[in-house]
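The letters A, B, C and D name the chains in turn, as written, and every chain counts its residues from 1.
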Amino acid sequence: MVDVKFRSRVVANWSTQTRVGACIVGAVIAAALIGPILSPWDPNAPDVLASLEHPSFAHWMGTDSAGRDVLTRTLVGTQISLLAGVLITIATVTIGTIVGSLVAYAGGWVDAFLSRVVDTAIAIPFIVVVLATVAILGVGTVSVGLGMVLVGWAVYARLARAEVLSLREHEFIMATKSLGYSPARILFRHVIPNVIRPSLTFATMDVVAAMVLLAAMSYLGFGTQPPVADLGSIIAGGQPFLLTAWWISTLPAVVLIALGVGVGMIDDGFSTGRKGKR
Amino acid sequence: MKFRSPISIAAGVALAVSLVGCSTAGGPTKPDASEGLCTSTPVAGGSITVAKQTETLSLSPYSTPGGFGDTEALNMIFETLIRMDPTGNSQDLVSGVADTWSTSADGLAYTFHIRDGATFSNGRHVMADDVKYSLDSWSDPDVSQWASFARGYDSTTVVDDSTVKINMTEPIGGFLYSLAMVSAGILPQEEAKAAGDSFFDSPIGSGPFAVDKWVKGSSISFVKNDWYWDTSGPLLDSVEFRFVSDDNNRTLALRSGDVQMVDNVPWSQVKTLQSEASLTIEEFAIPSWILLSLNNQKGPFADQNVRQALSLAIDREGVNEKIYFGMGEAPNSILPRLRLDADASTIAPTAFDLNKAKELIAASKYPNGFEATLEYPSGNAAFDSLAVVLQAYWAELGVTIELLPEDQGTLSKNFTGGTYDIMLPYSFAASDVPVPDEFAEFYAVQGGTNGFFTWWNDPEIEALVLDFTGTVGDEERAAKWPAIQAAMLEAQPAINVLNLPLVNGHLNNVCGFSTNPIGQSTFTTTWIAG
Amino acid sequence: MLTYLFRRLLLSVAQLLGLAIVVFLILQAVPGDPVRIMLGERVPAELVETVRERLGLNEPMLTQLWMYLTRFATGDLGDSVTFGQSIQTLVASRIEPSAYLITYGLILAIIFGGVLGVFAAIRSGTVADFTIRILATALLAMPAFWVGLVLALVFGIAWGLFPVSGYQPGLVGAFRTLTLPAIAIALSLVAVVLRTLRSSMKRVLDSEYVEAARARGYSEGRVLARHALRNAVTPTISIVAVVVGFLIGGTAVIEQVFSIPGLGSLLVQAVERRDYPVVQAIALLAGAVVIAAGLVADLLQAALDPRVRNTISNG
Amino acid sequence: MNEHMNENQLLQIYNLRIGFGTKLNDVNPIVHGLNLSISRGRILGLVGESGSGKSLTCRSVMRLLPDGGHVLSGDVIFDGHDVLGMSKSELLAFRSTQVGMIFQDPFSSLNPTRRIGSQMIEALRTALSLSKKDAQLRALSLLEQVDISNPSAKLRMYPNELSGGMRQRVMLAIALGARPSLLIADEPTTALDTTTQAQILSLLRRVRDDDGTSILLVSHDFGVIAEMCDDVAVMYGGFIVESGPIEEVYLRPRHPYTQALIASVPTLAIPERGYRRPTIPGPPLGTLPYTSGCPFASRCTFSRAECEDVSMTLLPVGPSHTSACPFGGE
């Protein structure tokens, strides 16, 4: 009789992983949306006499240096962070994909020239652009986000271009051409939907990356737009107090990590699922 | 539920277990080890590394883009004719390169005698020609960005090798204090001329220390000037400044023993560090304050009632207690604590009086309040809190504030360009001299800095200030100043939110550390115990 | 191959020129006055004007652009307005820490990301694979300045293994002072390397030539090392090349946390001080490194994969 | 094991069950109690449509089941040795010297980043512990053996510089490197054009004729099988439904599935007007897990109620000819 060996494979069902990931992200979003409504505290109203209070029954996660309730601020910050992360990513993916597809589809000297432009854009250190938008438009999530979009699109353009080049000779594109479709129709109805797929795999993780980058910029003093704050700003704002009032940065950091893990799980599930279908 | 061990929980999310060992917070009563260690006789030798918040960018006394980081390093290297008291015990002037000096009765001439022992770190004696060269450079606007502080300086006459006479175009009351600023430090003429611009890469001065190694961006180290005239100090063989701009990192470096001393202990960590048995936290009273600038060109702030109301509506005690952890002090001036100031019993510190503030607003041209922006440096933890708190206080007056944190470049442009409404222009504001002359002129005298960019204009007070700054005798000056102090406080062109000290921390075995009255560390009496 | 290299180099020069102009234009749009920042607020406006005049900052924009381009062309970077030293000295003094930091961080990321990525690919679908990937994403989501501080607390304070701040030049000093910051950088990069390598490795492990290699009786180690890994690394190389560019300047946060005098923190300082020539110099340097990294990555891929070589010599 | 031993048989597979799954209690059986044997010097064809378990069966001989695949029970005896019980090192030696294998897609079965020569030499040195130089000489002669012209130039080439037929020859050359007694060819010509296909097949036959190598040829194309093989086993749904000498099976197919397969082989004759090549009706294979009875019943033109109870054991229907259909395709 043959002895049958099994590797321990607890997690093989990818859809389960996606589901767990979605649950984490969903729970965070739900808390972010509902929490502030239920909270008795105003996330932005300072109370200097109640600053840096330890977690207590009244303030579950304590108060920050201006006496604001950390939990409520974190929940509101989560809304802003998610919104910012998603918007930034959508903008970069959209711009990048359209430019990249157009460039590749046009071909010839347009491609040759614009590809170099894309390469040059990738070579500009992102921090220069972000610092410039901050200096021009003022400190805040919007400026940092705009700077990130101005830099980020180029990577997606490169990705889309490569994808279109490999698609251009594909039979179904040839077929649409032979049907006499207009180039715009072929591009937007047939090419881009196919191109955007690999970009989306990157994009899901980019939502988290964008939120973390926002946090880094807040640490350098460019991200905070008072009175409301995104997660990163709260973490950065609490960093000077990390040694004395740990609770300010801890919760937003945990939320950010939870979102990262959740999105990562969804992403993994997606990419595996897609691969399976091929 | 209360947590007792803040550090271990701070990192607890990631690595709680490994951190338990580092939470060394002592018991309820902390034995004052430093006193025990430092009571013995000072010993010479040893070295010390200090983590400094501000980087040294330049070692030229005439160009100090690095601000305090530059002047403090320069103060180690160069010595001025007369000095601000290096012990910080008084706001008086003491001898330096010159051991004796005299002022002519009309205030138009000063005579200095160069002390016999005054020697540059290369062993060459300080000559009158060196003094003349240095002061001429200092006062030349093409050479020195500090030339405007040499107002009234006409020329230096070399009387003999060890005597110089400074000739003035007009009497200037604070001139001796200007001479004590490090930008008027004495350079060796020949060496400086021979080396040209490169002289300032490794300058030679007659101060207590000489540059040993300058790793730009990272650290600068000094060795004792063996030729220094004062045989009682310095005691240390060498001092290293390490530039550590991150607040947490600076205190971590101290706690890990990487450095023996840090400057500018972050307010929020003072109490924690005080409770560490191995550390000593010291406060130094320096002319530093939270400068809140009001743009008097703009509608509401042209109204004195509004300006006073804004100041009265600030609960300074609350701000001090909760944001500055009790380290600050409510001011009785729009300027920081300075020499000749009237004390609190003569001029009362501004009290928190919301009702009076509301009355003032009601009596102003803006009884229903107004909208304004508050600009402040981004990335400063205390200011982040202060700004939202001010916003809340002023909301009580019907004033709606929009908060605009900004980077230094934007802040500077809006400040000097006069486009702001209300601004906290500096993370750290301090007077360059311990006397009121500098900022009294900035605010009250037209031209130059436009009322220190408040565009405030009060001819009466201007006349008083000009009279004061033109007065040479100490007693006369002391008689004139308090009235100006009171008048400026009432006019309130700008607001002093709090006077702040300089807070340093060091290991218990670092003894005899002091700063001069404007907060520059002097290491001449510092020694290492045990 | 040589013509390809030549063409790439020529293109790189054009790209750098474009980069120089773009950066110049971006900075022109930024408000703020370097002279005022350098001199401080306590000097009269007339002096500020004089200095502006002397530095040529009052010239029209195109003249300034021309001056700036010709200066760069001759290799003279000029003087920094606000740091009081020549840009050459200033930037040169900050290259070493940054170069060591980025290299060290990348090496750590590649080693850990590589080993874990391959391991996860081999054990794909297992608990180990799952744990590794979740951990990596969690690390990715941790802000570096926060991780840095925790590292400093643990390794610097609690265990006293490494200094928590500052930089010592030279290899030994750099190793001592840069270990913690390099770990902080590597932690966020590990996820990138790991995910890319894992997915390409998985694809390669599923391929027929790996099966064929196994069918020939090669040991599993040989199959991995000689047949799978080499084919799986190409996408990772491209990603690493992009990351290198991101890191220059992107290390600003870590340099700040650990007080390392690198290019990133200099760049942030220079922008705050509106010191355009310094910003331009660093931006161009970073751009040049990105372009060079791209070139090296392409050449490396060509060396590893004959198929890439074909497209290069044909394209 | 010894009860199975048969000196004439090179490879014997007894009651092999293969399943897919990730957990012990959740394994989906794919191959059900399969018996198969290959005599020395003979070519056995394994035919069936995709998903019938052909590839799993021949991979189980090499113990190269893909992730999640498990041998649930059964024995694989090669030349008297129990393959499934081999230690790791025995297994590696077995793979490198006893069996050679070539794959369906010559475009992807050679490592694209290494030269032909280096790949061949690596294989030869692993199998035969040759010196580098000897391995190179052997590689040259192997390439000649598989009709590759200018072999020394080919050794320096990368796979992407060769045509598909060339690559398959190289694969074959590598597989023959250690003169294995069994060659497993898993759909070796599917990806090639007809002319190249014929060349590769004749090469395979020559290998058997010259070296006496047994060949297990897997294909979905009965035409190829009929042309090449001495014996044939027809697989459907994880079962062998019919087996026997090729002339027996081809000329007198007894299982309805075999009949349908043979009917679908194209012929060179020009079809009459209105002729439609017969296709196998019903749902494709593998959409439902196997429960009981004949798996082909739902697609079988002769299906009847009793098909539900068929045990799928092979019943003798002629000389060495067995079929799992008790109704004989009527």
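We take it that a contact is a pair of C-beta atoms (placed from the backbone, for glycine too) under 8 Å apart; a residue touches a chain by one contact, two chains touch by 3 or more.
All figures in this text were calculated on a predicted structure; none of them were measured in a lab.
*Asks:* Between B-C and A-B, which chain pair shares more contacting C-beta pairs?
*Replies:* B-C
*Asks:* Just to be sure I understand: the centre of a chain is the mean of its C-alpha atoms, right? Then which chain's centre is nearest the mean of all of them?
*Replies:* C
*Asks:* Using Cα averages as centroids, what's the distance between chain B and chain C in whole Å?
*Replies:* Those two chain centres are 38 Å apart.
*Asks:* Provide the C-alpha centroid distance between chain A and chain B, rounded to the nearest whole angstrom.
*Replies:* Here the centre of chain B sits 44 Å away from the centre of chain A.
*Asks:* With centres defined as the mean C-alpha position, give me the chain A-chain D separation in Å.
*Replies:* Averaging C-alpha atoms per chain gives centres 49 Å apart.
*Asks:* Report, in whole Å, the distance between the mean C-alpha point of chain B and the mean C-alpha point of chain D.
*Replies:* Inter-chain centre distance comes to 87 Å.
*Asks:* Scan chain B for residues touching two or more other chains and write them down.
*Replies:* 7, 10-11, 248, 252, 407, 409-410
*Asks:* Using the touch definition from the top, which residues of chain D touch two or more other chains?
*Replies:* 22, 68
*Asks:* Can you tell me which residues of chain C touch two or more of the remaining chains?
*Replies:* Within chain C, the residues that touch at least two other chains are 30-32, 125, 142, 149, 256, 271, 274.
*Asks:* Across the complex, what residues on chain C touch chain A?
*Replies:* Residues of chain C touching chain A: 11, 14-15, 18-19, 22-23, 26-27, 29-32, 123, 125-127, 129-130, 133-134, 136-138, 140-146, 149, 188, 195, 199, 242, 245-246, 248-250, 252-253, 256, 264, 267-268, 271, 274, 279, 282-283, 286-287, 290-291, 294.
*Asks:* Mind pulling up the chain B residues that touch chain C in the complex?
*Replies:* Chain B residues touching chain C: 7, 10-11, 14-15, 18-19, 21-22, 51, 57-58, 60, 63, 65-67, 141, 145, 147-148, 215-219, 242-246, 248-250, 252-253, 255-259, 407-410, 412-413, 415-416, 425, 432, 438, 442, 447-449, 452-453.
*Asks:* Residues of chain A touching chain B in their complex?
*Replies:* Within the complex, chain A touches chain B at residues 44-46, 48-49, 51-52, 54-57, 64-68, 131, 134-135, 138-139, 219-222, 224-227, 236-237, 239-247, 250, 253-254.
*Asks:* Can you list the residues on chain C that touch chain B in the complex?
*Replies:* Where chain C meets chain B, its residues are 30-34, 36-45, 47, 50, 82-85, 89-90, 93-94, 97, 142, 147, 149-150, 152-154, 156-160, 163-167, 169, 256-261, 265-266, 271-274.
*Asks:* Going by the contact rule at the top, pick out the chain D residues touching chain C in the complex.
*Replies:* Interface residues on the chain D side: 22, 62, 64, 66-68, 91-97, 99-101, 103-105, 108-114, 122-123, 126-127, 158, 160-161, 171, 174.
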